[in-house]
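Each structure below appears as structure tokens.
In what comes next, chain A is part of two complexes: it sits with chain B in the first one and with chain C in the second one.
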Partner chain A sequence: MADTVSSPDVRTILDVGGYRTALEWTARRAEAFVIPLAALVVGMVLFSLFVLAVGKSPVQLYETMWRGGFGSWFSIQNSLSRSAPLLLAALCVALPARLGLVVIGGEGAIVLGGVAAAAIGVALNGAPSFLVILLMGVGGAAAGGIWIGVVGALRHYRAVNETISSLLMAYIAIALMNHLVEGPLRDPASLNKPSTQPLADIYRVGNIPGMEVHWGLVVGIIACVLSWLLIEKTRWGFAARIAGGNVRAAQVQGLAVGPLIVGFTALAGGFAGLAGMLEIAAVQGSANGSLAAGYGYTGILVAFLARHNPLAIIPVAILLGGIDASGGLIQRRMDLPDATVLVLQGMLFIVILFSETFYGRFKLFNPDLWQRPDFLRGNV
Partner chain B sequence: METTDIGLWGVPLAMLGGAIRVSTPFIFVSLGEAITERSGRINLGLEGTLVFGAMSAYAVAVMTGSPWLGLLAAALAGLCFGLFHGWICKFPKVNDIAIGIALMLFGTGLAFFFGKPFIQPSAPDLPAIPFGAWSDIPQVQAALNVNVLFLIGGALAVFLWWAFRNTHIGLIVRVVGDSADAARAMGLNPNTVRLLATGVGGALAGIGGAYLSLYYPGSWTERISSGQGLMAVALVIFARWNPLGCFAAALLFGGAGALGPALQSVGVTQGYYLFYAAPYILTLIIMIATSSPSRTLAGAPGELSITK
Partner chain C sequence: MTGKFMLSRRDLLKTSAAGAALGLASAAFPIRAARAAAATVGFIYVGPKDDYGYNQAHAEGAASLKGVEGISIVEEENVPETVDVQKTMESMINLDGASLIFPTSFGYFDPHMLAMCAKFPDVQFRHCGGMWNKDKHPMNAGSYFGYIGMGQYLNGVVAGHTTKSKKLGFVAAKPIPQVLLNINSFLLGARAVDPAITCQVIFTGEWSLAVKEAEATNALIDQGADVVTCHVDSPKVVVETAAGRGAFICGYHANQSPLAPEKYLTGAEWNWAKVYKMFVDDLMAGKPLPNFTRGGLADGFVKMSPLGPAVGEAARKQFDATLAEMMKGGFSVIKGPLKSNKGAVVATEGQAFVETAIELESMDYLVEGVVGSTA
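Now for the complex of A and B:
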């Protein structure tokens, strides 16, 4: 660190048994935990005021939310099941964000990944189950990857704004799904809710042994860990962070920014496509309108709450999965609309974005600004 | 209504009528966004403002029986959303695009929350002027039944086009949008100008929402808007921040949006859902065609983050 070089003498005097170093180490990292947590608390307090204003008890609401999300083994399993697609949908936002891109159309990749997986599962009926499930995963990821990869390519090669184009692509994807599910891929037996033909049971993704939670949770967590390794420990991740900081500097360094952007966005879309495949193979059993359940949009919130750190996405996705899961209970017990959860999510989102302004403002988190003892002041 | 058989002429006629009907929210949202973007900020939250405007207009119209009070409520609600965006974005490191996304989710959530009791009752409509009364053909009458808001939107586009060029306020907004430093040198506070510009933009988007729930489609549901607020943002870029261009582009988008229903009205049902994607595909193609990696867009405000 720069200050260690500039004032080694001060450091030696103060560094009694590494105590000061440990303190500084903690202080520098504490900011990334304290500010988001404080923002979370402030967001919840503001939401309490909102709940009070509509004449309900915030205490009862948070209690219900806790019970619906994490209060029992049953509700914990429910929350974990919901967090599985959120993990992957959040990666669809977090990976491009490392390159400075704001991609918000993950919903489209989820939907198309699901439809592609369902089509593959039905077409290959009769083949060995491990092969079909593998191909469904690959197909779903490919569909999502191409969809978001195109967004990245348009951004780099045509300078098309990725935020708007990805959302437009999501609407196009949903229209495409409706077309396929109501037309060419429709199962004639599905009358009320147009769907593709149901997957045979052997092609369904099952539950983790001992839990009522499907394997998608494990897939999502592995994807988050791998994404973290990719960003923090590989040269591609390093290159992406440079390009995200300054595209010109990256190009001057000879980095191939174009392939980097397309690769990262395609990978991000691939994860979202995988989320769609898992929704089909583990939850729905066939592709239908339920694929557009809004996981892609909640995923945006998860990624921003986690500040685009793939490891932080894991706890945040579980938290928001729990909030999502408690929506039904809040509606029944407290006679509040199901959109209550959306209001809370929106408030948390705004407060978290606002909290960005506090980074680097607090002396506490910056040991360089800590007051030095008076007797040393002249020497440094 | 009794229909006269006019064959395939029904398609362009239905598209013309549809363009006029569907384009009105686009006109208001895009004019509002043009004002905001000219001041150097981008508000992606107008989608949420549109939905909240639709809900509040409908709710107030149901309760008071007056669609005009509903319209006023929508404009006020939109103003609040816009002012909030404008206020929060003045803080350092707060990203206007990300706040827009958050407000999009928040506005929709809030609209669904308060709108639940208003899904059933019916509200009075905003009035329309029957320009097609001279004709005996019902389809012509239907197509030329023009809502007053469409006319107000057209007049507003002309006024804004004139005002950006010829008024003191128009000049101030443009200076702030092109260079915050130049504006400060002139003694202007960029944050205040942007606050007001985003507020006005929000109010116009709220009016666009009122049109959705009080005229076409004319009821409040949770699926009332499907990205119109966001397409309008893309449309402003396509229109090069020119209010007259916004008006023309809105008509084009309205026509594309009316393609699906128009084809269905003459019995084309094949690929029905694909036609619903027409406006999105059109927006995307236009964005691809008009963007360029090597030059900045002509007429783009210098401070706008989306074009950098």
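Now for the complex of A and C:
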């Protein structure tokens, strides 16, 4: 982010001591922070009204949320563990979104990634642990990648709406998982909760040292950073952004839009599949119905709130993990139903989507529009 | 212990020679003693507390403890069977000081509750579902469950008297042993009235899937069923859909009669209040909590909803007689000669399985007269 934007024009000459450049640099970037933060505040104020309407104190509510989500080391770890799967699930939405595709079926890729990983872990029982865990990761990512890659291919080659197809394929994926864990992959000992055979302990992914948060958090953060580099710093990312802006223009430029769409959707599904693998290897220990826990759907919220910026996904996922973590304390301390935090999430979602319309509307964030002597205008 | 503390307090205050302060201190003490003996009990539900079903049955049990002196209750609903439930248990222990936790959903047991048992050896965990095994699981863990199949048999008796079409309907979640036993019990109860009765079953595949439950109920009624029951987490949709179509309903998990007062016949309900009171009494008395607890109608773990207005005299008589028989103990729903609906012999002449029989826990068949398939 250390690049500068000023070109050698008259403004640079007039920039005494670099203040103006620094100010412009800040102003240009401030928009991306100020608008979402303002939206967050507005959402919280609206939610306060809702809380008042049900006869509770918003101050007590936010205080409880803080305590439950971030107020102690235990709460922070609680929030981080909940955010770990959301990072990868959100990438499944954010990457295709850069190509202009709205993929909402990440849940399917998570579920199949988990089943594939569990099957590999059981089939290779006895092999060295690093190899098995690696193959589980590769297998999970491949299963998820193929699933969402198909959505991308259907979109590009057969013009099937990706939003609908990904959602319907998520239902198919869950049905497929149920069939597999209740049929061919079922551990006969799992009578009342059909599951695959449990993974041996050596194939389980543990916690980050010094924390009670599994390694999925680190994998998720690395995936977000790599995705950001891919989109912002590589020619594939550049091509994707062009195709996302205007497919025809991208095709006229000679960009291979088809492979680009299939590649990005497959990568996105791969991340979601990896989330499923981590859910199996780090949390569940065997694949069963609990895999369809809704991470794929919360991931949509995270990606939209982060405006599909992979780096912004990290704080947003942690914030939502914190809201989720505090939901329990709100129920217990304030006697409010679980749906309370869903109302908050919904309000934030709507307000942040609405705030999208404010980008580029404030002169404050656009130094090019700042008042300058008329004679400079020609140099802008 | 009280006397010892009073004494030291008195010694301390002797030098200050403040009689008023002494009175204040002894007045304040009983409150502290009560607090010291108090315990916090946590309840965790997989769905909403007011689902007219599985979770409501547990929440009603929890609510019954609210008047018990020295006990405070903390509850959390809609907790998925993921790392979330582990963190919820930890949060109840760390932030609320819970010393006994009831994670009520089947899927909470392995690995989630077991992980917390290892992490908090001083906290007691009791899980609904009957998975605990002393060779495999720690002593601060345990299970409780009820034999509710008998309740479905009684449902069947009333349904058998009420049906005109001789066709019953059953909306089921998954073909697992607990559910299969309920389906078989329901049909066998009805066949105790009329051996020509059949029961069609539709599996929705999920514990809570409102749309499919409504579709399944409609499909059963379209095919002639005029009494419907179910085994899904929340029977609300099934009850309302069936009542809307004019069919009669036998309830499950909790009392659903407020949803369809005219059409509700009776229902097989959990009576967790009894079970939770038992655990809490032991906890307050400082006794070790049992690790493996089970019971049926006779033990008060299961109860029947009051019979509805549509239940006829003959049905009422046979219901009461069968219930009285069950209360005596030794009643068998599954008894020979009995075949599965695929023709395999599941009980030979003279063979009978009482509700505690271990064979029933791996049930994988539907009995003759049930229309449907386990796979």
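Just so we're on the same page, the second predicted complex is superposed on the first by the 359 of 380 C-alpha atoms of A that agree within 3 Å, B and C clash if a C-alpha of one lies under 4 Å from a C-alpha of the other, contacts with A are read in each partner's own complex, and residues count from 1 in each chain.
Note that a residue touches a chain if its C-beta (ideal position, glycine included) is under 8 Å from a C-beta of that chain, and two chains touch if they have at least 3 such contacts.
From a predicted model like this one, the values you see are computed outputs, not experimental measurements.
Novice: Answer with clash or fit: chain B and chain C placed together on chain A by superposition.
Specialist: After superposition on chain A, chain B vs chain C: clash.
Novice: Could you say whether A:359 touches chain B, chain C, both of them, or neither, answering first, second, both or neither?
Specialist: first
Novice: Does chain A have more residues touched by chain B or by chain C?
Specialist: Of chain B and chain C, the partner in contact with more residues of chain A is B.
Novice: Look at A:337 in the shared chain and tell me whether it touches chain B only, chain C only, both, or neither; answer first, second, both or neither.
Specialist: So A:337 meets both chain B and chain C here.
Novice: Let me test your reading of the model: by the given contact rule, A:349 touches which partner, first (chain B), second (chain C), both or neither?
Specialist: first
Novice: Just chain B (first), just chain C (second), both, or neither: which does A:166 touch?
Specialist: A:166 sits against neither chain B nor chain C.
Novice: Determine, under the contact definition given at the top, whether A:178 touches first (chain B), second (chain C), both, or neither.
Specialist: So A:178 meets both chain B and chain C here.
Novice: Mind working out whether A:104 is in touch with chain B, chain C, both or neither, as first, second, both or neither?
Specialist: In the superposition, A:104 contacts chain B only.
Novice: State whether A:83 touches chain B only (first), chain C only (second), both chains, or neither.
Specialist: Neither partner.
Novice: Of the partners chain B and chain C, which touch A:328 in the superposed model: first, second, both, neither?
Specialist: Once the two structures are laid over each other on A, A:328 reaches chain C alone.
Novice: Going by the overlay, flag which of 74-82, 218-226 or 236-244 in chain B ends up clashing with chain C.
Specialist: Residues of chain B that clash with chain C lie in 218-226.
Novice: Across the two complexes, what residues of chain A are contacted by chain B and by chain C?
Specialist: 175, 178, 182-183, 337-338
Novice: In their shared complex, at which residues does chain A touch chain C?
Specialist: These residues of chain A touch chain C: 67-68, 74, 78, 81-82, 175, 178, 182-183, 191-194, 214, 279, 283-285, 288-290, 293-294, 324-325, 328-329, 331-332, 337-338.
Novice: Tell me, which parts of chain A touch chain B in their complex?
Specialist: 102, 104, 154, 156-161, 163-165, 167-169, 171-172, 175-176, 178-179, 182-183, 297, 300-301, 304, 336-343, 345-347, 349-350, 353-354, 356-357, 359
Novice: Can you name the residues of chain C that touch chain A in the complex?
Specialist: 48-49, 74-84, 87-88, 90-92, 94-96, 106-107, 110-111, 129, 174-178, 205-207, 361-362, 375
Novice: Applying the document's contact rule, which stretches of chain B touch chain A when the two form their complex?
Specialist: That would be residues 44, 88, 91-95, 97-99, 101-103, 105-110, 112-113, 116, 226-227, 230-231, 233-234, 237, 271-274, 276-277, 280-281, 283-284, 287-288, 291-293, 306 of chain B.
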